[in-house]
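After this come two complexes, each holding chain A, first together with chain B and then together with chain C.
The block that comes next holds the complex of A and B.
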């Protein structure tokens, strides 16, 4: 078998240069998506009419559609939608006019918000709300109770699911090659096609994903342990 | 002094409290007894507006709140003037014992952390939980949690302590230790309103027993009056139900 280690070594720097993009595509959506998801969760918990129904549909859409389908839809559909809305359907805007990186990040934010909203909702509703009555009876306001008592407990409940999602998204971002964003996967793919060395390129990029996954799951586990200790629990 | 006047509360069509009047003087220890579902808990929860009454007035010390137009400030005022101890303890799970007792002192009373800490330690000592100050609620027995809950309420200097069946979730051994804690608090002169099914405990602790049935206060008096010489038919029935056959022995 001719497996070119030389090619692998040569490709490392291209993939490494794309690391920041993969990290941005992962960590911006899980951060902004968390805030958005929190708003979605609170809206659903409070059962605000109309909005709650819209969010239910929103959630099931983003939670059901495969990421790769979502990105193809964005790639082909978004320019069309913009043209229909602002240019009477004339082909004024194409995907080339859009900032692909920004499109990818926004898409992933919307995608993450749906998942994280459900995680937040589950975590919030798992907190024993009798504590809220006790806090009220002690003279604490609703805000003080949420910030100091309810949310910290919800965070501890949500952490494992949240981190699972982060790890899943880290790998999920690899489909952004569909809209020509250069992340680790895209970089490897470009090099593979350039040098006709597919196996080498994908072994290498697979190795990168594995290393990052293991690294982050170690870090996350340590954070979870530490958080649980703050409720007198051990894992 | 606390005063409840003409208090009424319904849940949907279910009239739970009807025109209840009750006055408790400073230093008095009053127990509410009565059959299940007669509104004892609801009465307690209406006093600090955890449940909003439909009608009537609640007065604690200098503050009178009318159910017709209670402001947020009024309701907050009632909470500041009263302390509540729940059947299920309701400690903050993410805080240690010490933090549980300090929390509202710092956040609500704006005491310095140092001052709050000293006060918390003092109250924890009183309820016998000083050695457990750095534990989390999940690491404590029910009786221990309830003692911490009592310390937490007392540390806010309430004018009255409202206790809703503080021992009903506990087994006999733990019930005793919590009852002993309540006795100690009583010795310090705390005004208390206790809902309880522990008749023996109520009899020896309280100045006054209030018998409630179906949303009304049927009869009230000293333990002796209520237990050995009830006037109302319904009270008699209830006492007989509590002490079948030879109930006189207990008195």
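The block that comes next holds the complex of A and C.
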């Protein structure tokens, strides 16, 4: 086997230059998706009619379909949706008017919202009802109860699942090459096809993902411990 | 200006053709699940009662395979395995089908992720149960099949279900290797139709994946009912 170290060294800088894109694709969706997911979760907990059913279908759809198919659906569906809504169904906007990076981020936000909504819902409903009653007895309003009593406790429950999702999404973003977004994987793939050195490129990019995974999981573990300490929990 | 029509009829007409590719997706899923869970049991056994060096190796392997995206692992196996085998033994893997490499990659990933699940299921079985099996004079194999598996299976059913769902989703990547699974078939039809009905074809593929996930969910909720029969529900 002729493993070319020269090619690996050359490819490192291409992959490294794509690190910011992978990070954007991971951290924008888990931040915006968390806010959206929170709204979805509260809607489902309050059992608001019609909306609750729509969210159930939405969650099931986004959680059941491979991410790569979701990318294609949004990529080709978004221009159609815009044309139907604003241009009377005439083909005014097409995929060449879209920014692929924006499409990827929008898709990932929608995807993250479905998963994070479920995580938030589980965490919010895990808080003991007695806590709510106690807060009401103390004369707190609904929002005060949420912000001061329920959310801080729910965060502790949600954190491990949330961080797991972040790590899963970090890996999940690696399929954006299918819609021509240049993240770490995509950069490696371009170099691999340019130099006909597939093994080197993919082993190298795999190494990048492993390092970031280990790094983030260490950081997340430290945050979880810290959060628990502040909540006065020892477990 | 051309009308940007949504062609429902086109979806309905081509749905049977895409469903024709369902056996490809399902067979890759089932074979990967079989070997993945086998590997998972072996890894779990190694982690529980293997020698120290083996546990260290498995721990390193776990870190590596947990951090690597499925598509990267798939490509490393697909492009790398023939080279490694070639340079070590001189044998050529040219005769191997693409599906074989896909199954190896998916089984490896599942093996590592399921080994943790098997281990914690094993630990969840109470010690007295195992002692009781000893007292009854069960052999190791009897103990495993009659005591550990029936109880452990119920504990891990939800994890098995999500493993099946995630493998199905992972198989969608095989179109990039030129395998005509559900997504590959949908893309092929789209190409044959000069890319004018692209959205429709992806929507058709999405609907099939959605239905498949629905079927898996129903099957597992039935299994849970079956295996849950006669179990005392212990309130947490």
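In this text, the second predicted complex is superposed on the first by the 214 of 235 C-alpha atoms of A that agree within 3 Å, B and C clash if a C-alpha of one lies under 4 Å from a C-alpha of the other, contacts with A are read in each partner's own complex, and residues count from 1 in each chain.
The working rule: a contact is a pair of C-beta atoms (placed from the backbone, for glycine too) under 8 Å apart; a residue touches a chain by one contact, two chains touch by 3 or more.
Quick caveat: nothing in here was measured; it's all calculated off a predicted structure.
Within the superposed three-chain model, A:152 lies in touch with chain B and out of touch with chain C [touch as defined at top]. Look at A:225: by the touch rule set out above, it reaches neither chain B nor chain C. By the document's definition of touching, of the two partners only chain B reaches A:144; chain C does not. Contact with neither chain B nor chain C is seen for A:46 once the two complexes are overlaid on the shared chain.
Look at A:134: by the touch rule set out above, it reaches chain B but stays clear of chain C.
Ranking chain B and chain C by residues of chain A touched puts C first. For chain C in complex with chain A, the residues that touch the partner chain are 1-6, 63-64, 66-73, 75-76, 79-80, 83-84, 86-87, 165, 168-173, 176, 183, 198-199, 202-203, 205-206, 209-210, 212-214. For chain B in complex with chain A, the residues that touch the partner chain are 48, 50, 76, 79-80, 82-84, 86, 88, 90-96, 103-104, 107-109, 135-139, 149, 152-153, 156. Looking at the complex, you find that chain A touches chain B at residues 128, 130-131, 133-141, 144, 148-149, 152-153, 156, 230-233. Against chain C, the residues of chain A that register as touching in their complex are 1, 60-61, 63-70, 72-73, 76-77, 79-80, 83-84, 87, 89-92, 171-172, 174-175, 178, 185, 189, 198-199, 202-203, 205-206, 209-214.
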